[in-house]
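Below are two complexes that have chain A in common, paired first with chain B and then with chain C.
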Partner chain A sequence: MDSNEAEGEETEKKSESGPCFPPTFSVSEIKNKQRRHSMFLKLKEEKRKQKLELKKKKKKERKALGDKAPPKEVPKTIENQRIYDETTVNPEDEEVAFDEGTDEFSAYFNRLTNPKVLITTSDRPRGRTVRFCEQLATVIPHAHVYYRRGLALKRVIPQCVSRGFTYLMVINEDRKVPNGLVLCHLPDGPTAHFKVSNVRLRKEMKRRGKDPTEHVPEVILNNFTTRLGHSIGRMFAALFPHDPQFVGRQVATFHNQRDFIFFRFHRYIFKNEKKVGIQELGPRFTLKLRSLQKGTFDSKFGEYEWVHKRHEMDSSRRKFHL
Partner chain B sequence: MQHDDVIWDLIGNKSFCSYKVKTKTQQFCRNEYNITGLCNRSSCPLANSQYATVREEKGLCYLYMKVIERAAFPARMWEKVKLDRNYAKALEQIDENLIYWPRFIRHKCKQRLTKITQYLIRIRKLTLKRQRKLVPLSRKVERREKRREEKALIAAQLENAIEKELLDRLKQGTYGDIYNFPIHAFDKAMEKQEEETESEEEEEEDEEESGTREFVAEEEFEESDLSDFEDMNNLKGSSDEEEDAEEQSSEEEETEEELEEEKTKAKSKGKTPLKGPVRKKRAYVEIEYEQETEPAQKSKAT
Partner chain C sequence: QMSAKSQICSIWLGSETGILKGVSLTKKQAFNFCEMSCLSRDQEVCVMAWGDPHESEVLVGSVNGTVKTFSTDKGIFTATRECGDPSQGRFTGLAVTDSSMITCVESGLLKVWKEGSTETVEINVGNGICRMQQNPSQRHRVATGGKENPLKVWDLERPDKPIFTAKNVAHDWLDMRVPVWVRDIGFIPDSDKIVTCTGHHQVRVYDPSTPQRRPVLEARFGEYPLTALSLPASQGTVVVGNTHGELAILDLRKGLVRGCLKGLAGAVRGLQCHPSLPLVASCGLDRFLRVHSLEDRSLQHKVYLKSRLNCVLLSSRDLEVSGSSVSDRASF
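This part shows the complex of A and B:
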């Protein structure tokens, strides 16, 4: 395409003056860097001029037509151009509904169990991680923080199960900053491993409100469209107790955008039925799913449902998995 | 001929030796057969024709000995004896092999053996514990992910999305009757009903017109004109509807709860009280005032 346009340009220039170039010619073939650079700049200018002309023409046409003008084209965004994923869940899909009725979270969604979360860290956590854990514990009701003391997770898990915990959350730390999260649903549920980034503690938030109260927050899960996204969404939903206390007016949001899950914690107030004001309390962080394992945490013999493989999955900019 | 003193003069104190490492306060010897690691007259393997060391290979300790008789045969100079794995037996073996040797060398060999066994035990203990696995990060990938995250954050427009979701939930009625203003929904439903069943309503109103009073809002009145929702309590029409809804909903709470348990949505975590029966009863107005709005009503009436 470049060569064609160069050709077109060259033929235009021929009529004015200047050298004649052979038909199949591209700017990249000029060996001299300066001349190549100047030819490239000229090429870009030409393109830009053409684009501007086109735009002007369209605008004129639009004005001339007035009401009868064709509707404005929708600009292409990454979300528009997303490659369709076959595993996207259709809301009425029976198979999905059946699966969800019988998977590991069915106990929670049938209101048989109440969530109880154990939050811990990797060995020897530093200040930031410790504070992050504490803040998480205030955000998630029925959450307890325990110091790790160098225990092996495989030994921790049966103890947690015996004490009635439903979730184990391990925050991994690197260079004094939390960078990973292992979320393990306890009675042999799936284990998800996330990469954590952009952690902002309460102190660092601008215009934040007071500390969150003990009320059970509501949960918002946005954009979890595929099967994988669905199961992750359910995982997050099962962290919180069923009945939110609307009196508290707190909401925890997990918003998925392009495979990044943004967590926010807000307090809302309805000013009237068309406007709502939200104020951010609580920590914020982003998660990116790295792997989903079927059983509880077992790095050696675990059965992985989904693993992020960089070379396969990151090759296209329009393909997302959650 | 082996003249240890001459050799020491040549390489030792303040002379050059390729194994010597000098620091501010000390001199170390990098020779692999050195027993203490320091550069001393008694520790130098080159300047002592009778010398012994303990060295460790793949978890096993060996005793190396050098005697003056083999000084001419460098290939066979060091005699290697495998020591027992048992620490006590190994000590005895050292004693037995170095039986008539100078005290210094015997003592230092045993010390070295002790140190080696200690660190071997430590290695074995550590391998049983959890090993920290280091995963290498690719700088390019990290930079790419960071940029994509920023773009995703901009594209997400979180505040708008959250506000939209909350307003949707309010419209759907997941908050029940906590908030006093979902009046537009009621108005819309009312309009629909009026369009559908006008005649029925007229009949019902004719029946009950005698005696019953109804306070309604102006026709062009809009809720959005009010900014403060405390003022909502002053509205007669709206408060009537709300009170009716409240009265009726309190009566029907039990039935509502049962119905809610039947339908539980996975994603929306609020209740969905039935609006059907409430709407149907809208046409018939039974006015029961709650305490708080009574004075306001009276003032407006006059």
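This part shows the complex of A and C:
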């Protein structure tokens, strides 16, 4: 009898203060969709208000402290939180220096050969791919575009070698859009297979400058830190002749971020010592490395130096390989 | 201090830059045994073998035709021997019998070098050899195989004809001849059987004691050439690796895949199972040495060794597996 009376009092008290929810209540328990949605919106609004209040308070405190305020905290980004890759190249490492000094690109880096690039596509290319190839040929000096004619790459390669080409670039097309790139260093060098995305041709670029001239551009390679990144970076570097012609004021940039390589082609002009103006010319595209194969193109019997395995390598959002 | 370093190393690796590397898993350290000043690409290590049953000497065969002897007690190279020239191809096999050393090159020239004298016994085993392997229980028997060169077992006491030549399998379902490409050979202990893995992703078991010259068992794995093979201490299984970095444990009774070992990103160049513990060490073009456990297929150790690795040798001493991959205190 006592417990019943006690309960009756409690319920009376509760009904006086308005509808209250039991403490272990979550918005998702309401079965009615409209009510649930409105509850959720109210919850979000509250949270946002609290966040703004907190921010205002912190700002006030910081202003009040003036010089004695603690330093601003650096927000965490995925690049900040990147897991340290043990294959990151140390510039003073002798063994890696020897390895790079005697690998397949040593002929280029010792100024024994000049680059000569052959650009082709998969069979019967359409529209965008053809125009992309032509624009690439203007961006890369000494590049020649040839129609594929259904020829097998393994037969094309010895012919290229005999004609003195140093690179073979095959742009693969799918449904009228370029989506893959096979870059093969010719005498007997590695073959890299990339996934190409976000291709923007010259017509689609906003505020672009005039067409690129024949001057040899400078090359910028950003953020290729690991051993694999070094190999790929050297591969891109060997596409362009050694001495850039600064008269042309053109620069090609390969920027690696989170394993995606962004290619941009700009013309720059120094307005004074500190200010530069840049105009983007030329195509822009993104690459992602799928595999690096030792030796010239041989996808069935070649030995792979690195293969992208999605389930093993992409399991962590903070681990990158290039 | 080089001798102290070499005495604790339990895994030896040969790299493409010509450096002999020793790894100690207990101390979690790797050492390079070479002279930094005289490195060159033609000293690239092709084959490695133990110089003696006590595992105190490592024989290292390079591309320029020299075989160097490295002493694990002293930590230095003690001898060099010219065993051929690069025109005949790279070394594909190196083995040691009681008083002589056996080398085989890609052109098919198998030579037995006797200790202390310059006379050699030469056998031509055919062109395009990919591997020569010695039978660990009957050390005067070797097996060779290569591209369009079927498996042949030779007895060095009767070098004129092979004791066993494998016959190619029957024509396939299109009635076409199945190509032959033997990449690696293994002798199954306590029996006469030989396991081979091919560049056409087949694993075959041959039995020379039966009159059947065709394989007794054929199993397929993956779609890429199998480059390395090793037999673990427990019977009935074999570990193979292919050019895509896929390592698999195959069952030799039925020819099924027992499981895959994950982690490799590059082609497997060297594979060896520990003689007594259920461990397998693998090295390849992705410049890592990985040690997996065969029971639960987990990665036990992973070591970054800055050059591409060609061969691996495990010593029979206890590796004292710690059960986790290399900690941050490693110094490589």
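The rule we apply is simple: the second predicted complex is superposed on the first by the 257 of 322 C-alpha atoms of A that agree within 3 Å, B and C clash if a C-alpha of one lies under 4 Å from a C-alpha of the other, contacts with A are read in each partner's own complex, and residues count from 1 in each chain.
Convention: a contact is a pair of C-beta atoms (placed from the backbone, for glycine too) under 8 Å apart; a residue touches a chain by one contact, two chains touch by 3 or more.
For clarity, every value in this text was computed on a predicted model and none was experimentally measured.
Q: Based on the superposed arrangement around chain A, label chain B with chain C as either clash or fit.
A: Fit - chain B and chain C, as placed by superposing on chain A, sit side by side.
Q: Could you look at A:Met313 and tell me whether it touches chain B, chain C, both or neither (first, second, both, neither)?
A: second
Q: Regarding the shared-chain residue A:Ala64, is it in contact with chain B (first), chain C (second), both, or neither?
A: Touch status of A:Ala64: no partner.
Q: Please indicate which partner A:Asn222 is in contact with in the superposed arrangement: first for chain B, second for chain C, both, or neither.
A: first
Q: Now for A:Lys271: first (chain B), second (chain C), both, or neither, which partner does it touch?
A: In the superposition, A:Lys271 touches chain B alone.
Q: On the superposed three-chain arrangement, identify whether chain B or chain C touches more chain A residues.
A: The larger set of chain A residues in touch belongs to B.
Q: Kindly classify A:Ala237 by the partners it touches after superposition: chain B alone (first), chain C alone (second), both, or neither?
A: It touches chain B, and chain C stays clear.
Q: State whether A:Leu112 touches chain B only (first), chain C only (second), both chains, or neither.
A: Neither: A:Leu112 stays clear of chain B and chain C.
Q: So in the superposed three-chain picture, is A:Val96 touching just chain B, just chain C, both, or none of them (first/second/both/neither)?
A: Only chain C is touched by A:Val96; chain B is not.
Q: How far apart, in Å, are the nearest Cα atoms of chain B and chain C after the overlay?
A: 9
Q: Based on the A-chain superposition described above, do chain B and chain C contact any of the same residues on chain A, and if so which?
A: none
Q: Could you please specify the touching residues of chain B with respect to chain A in the complex?
A: Residues 129-130, 132, 141, 145-146, 148-149, 151-153, 155-156, 158-159, 161-163, 165-167, 169-171, 175-176, 178-179, 181-185, 223-224, 226-227, 229, 264, 266-267, 269-270 of chain B touch chain A in their complex.
Q: Show which residues of chain A lie in contact with chain C when the two form their complex.
A: It comes out as residues 86-87, 93-96, 98-99, 102, 227, 294, 300-307, 309, 312-313.
Q: In the complex of these two chains, what residues of chain C are touching chain A?
A: Chain C reaches chain A through residues 16-17, 19, 32, 36, 39-41, 199, 223-225, 227, 243-245, 262-263, 265-267, 269, 285-287, 304, 306-308.
Q: Report the residues of chain A in contact with chain B in the complex, numbered from low to high.
A: Residue list for chain A touching chain B: 77-79, 100, 109, 111, 123, 150, 152, 197-198, 218-222, 233-234, 237, 240, 242-244, 246-247, 251, 253, 255, 257-260, 262, 264, 266, 268, 270-274, 276, 278, 286, 288, 310, 314.
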